[in-house]
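Letters are used for the chains, namely A, B, C, D and E, taken in the order the chains are written, and counting of residues starts over at 1 for each.
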Amino acid sequence: MTRIRSAGLPLLGAVTALAIWWAGTVVFGIRPFFLPAPPDIVAAFRREPAYLLREAGSTVAVTVTGFGIAVVTGLLLAMVLTAWRALERATLPVLVALNSVPKVAVAPLLVVWLGFGAQPKIVLVVLICFFPVVVATMAGLTSTPVELSELSRSLSASVWQAYVKIRLPWALPQMFVGLKVGISLAVIGAVVAEINNPTGGLGAVIVLSGTSFDTPLAFAAIALLALLSTALFYLVAGLERLLVPWARAISG
Amino acid sequence: MTRIRSAGLPLLGAVTALAIWWAGTVVFGIRPFFLPAPPDIVAAFRREPAYLLREAGSTVAVTVTGFGIAVVTGLLLAMVLTAWRALERATLPVLVALNSVPKVAVAPLLVVWLGFGAQPKIVLVVLICFFPVVVATMAGLTSTPVELSELSRSLSASVWQAYVKIRLPWALPQMFVGLKVGISLAVIGAVVAEINNPTGGLGAVIVLSGTSFDTPLAFAAIALLALLSTALFYLVAGLERLLVPWARAISG
Amino acid sequence: GDSGDSTENGSDKVTYLTAFGAVGRDAFAWVAQEKGYFRDAGLDVTIQLGAATGENIKVLSAGQAQFANVDLTGAWILAGKGQAPDIRAFAAVHQRTLVSIIALEGAGITAPKNLEGRKLGAATGSVNQLLFPGYAKLAGIDESRVEWVNAPPAQLPALLASGRVDALSTFLIGARGIEKAAGGRKSVVLPYSTFLPGLFGNGLMASTAVAQDDPDLVRRFRDAALKGLRYSLDHPEEAAQILKKAQPTADVAAAVGEITLMAPAVDPSGAIDRTRVADALATLETNGLIPPGLTPESVVDFAVAPTA
Amino acid sequence: MIVVERVSRTFPARSGSVAALHEIDLTVAEGEFVAVIGRSGCGKSTLLRLIAGLLEPTSGTITVTGRAVRAPSREVALMQQQPALLPWRTALGNVLLPVEMARQPRAEGAVRARELLDAVGLAGFHHRHPYELSGGMQQRVALCRALIQRPRVLLMDEPFSALDALTREDMAAQLQALHLARPATTVFVTHSIQEAVLLADRVAVLSPRPGRVREVLTIDIPRPRSLGRSAALPAVAECVAHLHDVLAESGDD
Amino acid sequence: MIVVERVSRTFPARSGSVAALHEIDLTVAEGEFVAVIGRSGCGKSTLLRLIAGLLEPTSGTITVTGRAVRAPSREVALMQQQPALLPWRTALGNVLLPVEMARQPRAEGAVRARELLDAVGLAGFHHRHPYELSGGMQQRVALCRALIQRPRVLLMDEPFSALDALTREDMAAQLQALHLARPATTVFVTHSIQEAVLLADRVAVLSPRPGRVREVLTIDIPRPRSLGRSAALPAVAECVAHLHDVLAESGDD
């Protein structure tokens, strides 16, 4: 019963969303050129399955690499910034300011500097999902309850020990907020990079099929992207369940 | 002394960042067309101060309106989803999937549907910053410590009371992670919308001065954007200090 | 609304989309606005900045704008795919396509043949790339030896200037701006029209609904806009200033450059001749860009086109 | 009235499930004061949470004031083992929480809340937040919160554990006075045998793992029992000694 | 050896600052066992946190084993008033935390941790997480964590407050045995006067708001004091009665 529900409910949600969309295109008589109906998209996918899957694979590679780099560097930066508050006061505003520079404006510079390979795309992914990871991890690292940080201090823990054994595990549930937001942004970042520099990936499919007015193909790519993003999100959520079971146990 | 440091450190950080940038443009002999040095940008700003400030104002208006809508609806959705877990299981995947649809692909559709006014821009801002608010608020709402949720249940609190008096206040520190990430994304969303539909705002300045090869003007707009985004971020952070002083008191 | 709403003083409210942002080639619309040509024609025009061909056509088709300046060649290739069948041109701005190869002097590109083995940048999915095989065949280039690089339009000059690509395929009127971007280096321009003389450049378009419901509105708009176009050609400097006033980001020198460079390709009467349209469609057809069967009537509304 | 019938409760866990309570029977009459004692970990808190409707029994039934317990009820007040104060509310605000939850007038509630806080020795601390209070002070705030609604049924889980000997006597005396004035059906978990004997009508002794009711001792000492003096009575000493023995027998893990 | 000299501590706060301790003097000799009693909120926990180096005195100086206290030291173990267990570690893992922090071999530590957990009656619970333990069990885990390092200085803040009477006696006996075998300089905050008298060499009484040392009573009862039997000794009764009186005088807020 619970098994059925756990698979059934998300399916129900997806089917409902598709139904609303389909009904919308029919009721309002929207042309596939503007917004294709689900069958148009399925048809487009069946026209080019191998191509779409190959490009999806390349998007995943860029996304995951960039996300991985962002998580590691973001985690380290958050640790450094929370360990030295003076440094935080000096650098966080700059970080916030840099983060707000539109990635679309940065993308051309990246291509000029790094060329047309995967590098500028990965850099863009890192830039886009770095910030939520840092903000969430910092919030988590500064939320250690007084009694635990007193425990840590009373045991004369080194800064590193305090982080690894107490502050970081405690921060994990909050950090995962950043990771979940970050993974979604990472996918978006990869697509933005691919739209800008369409040498491959689903972003390239979207922009190229868009300019050739093959809207159903563009939407097939978008649908794949949505699937992919959802899968990555739930992968992260699954990792959370695995790593912080205690968090669910002490909250209710 | 503390007063001086509290203003001095961020200033120091900003000045250092500017110095690195400037030195970079000089040492590597980068032309203003690719990456203007700070003086070029100041010159560009002094060429068109009134215009830039007016467009900044319009970006702020779009950002703040969209962010406000996203916060309110995101908060409500997070409350509904955490109150009925079955609903969460059914709708969260759809939400994740929708969130991953690249906003750059959605922006033209929004113009087609909603025209050239502020509406499509606000909608884009809402779409882009809605997700982090929802994810962070949900995480906060589900982190109520067991003893507090038992307290709430033992007092026969209604669902609404439990949320308003216990779960929501407890969630505030985590919610603010979503708000801080969200406000940064909101600015980006406004700019993406303006780049797509350059009827006004700093995004329009960036894209239009790009087409007339006036990179310093584009960077003046980007600099204003960075300032604006930082100001909004610290406004949110200030609100956090104001609303949840207790969170700092119980952590250390 | 389909054919524009009337304001209190009796003029018709319409929305017009430029071809691409706010640069010299589109200055005439602001000139018509500034000089009162629209007002005199009983029109209250809102000028919106357009994006790529496809986006402009979508906006027209959705009724969010009544008129647009669009690349006719691109639009007709789309028409050949059966997309947006409800859009018609009603005046030509550029009598021949301005698409060109632009390289920087000293890069060793002085003739089409030099492009072999080089990297060529163009706007993502642009018509320029679709036309290139035809151009290459006539110019004697081995098309397979040219490597294309897709990029957003605004990014192209930077790619050329930084040497990431060897040449661009873009509108020749952008040459001045590209030279500015390249730090003053002179450019080499190889127009497609040397080998593909029959194709049109930009033209004014409207949806069939507007053209049928209110042909008079279309004519009034057409004449006012063309009057602005003529004035721009006669007074490039003033036109550029008017543009700058309306859009502070505009660059006066580059705008003057565009207007003077496009002048030879412009007939201020906006003439769009049936036989020339048929020719253009035939060129597209022989190059495999459109399937056979597209008639001039299906892409141009001659009822509201200039009669010159 | 509380009736606990053949109630068992097992906690499932990956590393083997724990049988916290096994076939417990306990009846508390209307207005009666029953103390529960037992070794640490024998299931006292679990029993209270079952009666409060916070946990469901694995088997058996519980009725409170005639109704089977399915969910918590407004008539029952529970004072948890941890203070469980809301960190964003002052002491006064925390005490007022039940008043707000019951949508009763705040003003009246505030008068009573102030009286209660003063009575437990927190006169100067109404407007302090929990993190500014010592452990014992926090516990007293939680006590006030449990008492403010004058509940028909009062469940208290080691309410005085964080208090020093004297404050403890003080609080016990006040609790007794309140109970005599307006008897609530009370289950009082404590670690102090003396306290149990001096406050309760009956004392239930739980034996550990799984928790069972080992014995229920009726305390026949006249009230009011002034804690200072009565403590010396031979009857008290006898009860204490007896309970001590029962507890000692009742199993060392 | 611990020397506290004219130490005051004030907590600043928006709603008026609180003077927790005022010019406290206290000396604990090497290997001595001093119990501290006082009314709830009189500053006992604050005193321990000052000695542990977690708080800085507003004025006055503290030296521990000859060095002025600036920061916590590895020689000093503090058992806090709350269990403060890491929710992601099992009981055993929590007890091992100080071993890991001191980078000592885990295997040896684990042997001792298991012995300690068994000794406090948590034999079957080594691999349970804190949320699977009762309040008293959590406190015993915290006790083991404080003892595992065999510290030269041991500070304990109401270590038995969540334990029932019998377990409490048990723990006290074990603590005494440990102390006799290897005397650590100990400050032991408790709420039970009896416990203080039975465990301590000297008992310090704090008076509240601001906390001052009211009296330090030397307990001259021979060790080992078996808690069951000695409790009945007239000398014990006398000390308890005296301390009770001092405490009672020492101020009702």
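A few points about this structure:
Criterion: contacts are C-beta pairs under 8 Å (C-beta built on N, C-alpha and C of every residue); 3 or more make two chains touch, one makes a residue touch a chain.
In this text the structure is predicted, and so the values were computed from the model without any measurement.
Listed by label, the chains that touch chain A and also chain B are C.
By C-beta contact pairs, the most connected chain pair is A-B.
Centroid to centroid, with C-alpha atoms defining each point, chain A and chain D lie 49 Å apart. If you average the CA atoms of chain C and of chain E, the two centres end up 85 Å from each other.
In terms of their C-alpha centroids, the spacing between chain A and chain C amounts to 39 Å. Here the spacing of chain B and chain C, counted between their Cα centres, is 37 Å. Multi-chain contact residues, meaning those touching two or more other chains, occur in chain A at positions 34, 109, 112, 146, 150, 195, 210, 247, 250. Each of the following residues of chain C touches two or more other chains: 58, 62, 154, 158, 162.
Within chain D, the positions touching two or more other chains are listed as 82, 131.
Chain pairs that touch one another: A-B, A-C, A-E, B-C, B-D, D-E. For chain A in complex with chain C, the touching residues are 33-34, 107-109, 111-112, 115-116, 195-199, 204, 207-208, 210-213.
Within the complex formed with chain A, the chain B residues making contact are 5-6, 9-10, 12-14, 16-17, 34-35, 86, 89-94, 96-105, 109, 112, 131-132, 135-136, 139, 142-146, 149-150, 173-174, 176-178, 180-181, 184, 187-188, 191-192, 195, 203, 206, 218, 222, 225-230, 233-234, 247, 250-252.
Residues of chain E touching chain D in their complex: 11, 13, 15, 18, 37-41, 44-45, 81-82, 121, 123-124, 127-128, 132-137, 140, 158, 161-168, 191-193, 244, 247-248, 252-253.
Only residues 49, 52-54, 71-74, 76-78, 80, 82, 84, 86-88, 97-98, 100-102, 129, 131 of chain E touch chain A when the two sit together in their complex. Residues of chain A touching chain E in their complex: 147-148, 150-151, 153-157, 161, 165-166, 169, 244, 246-247, 249-250.
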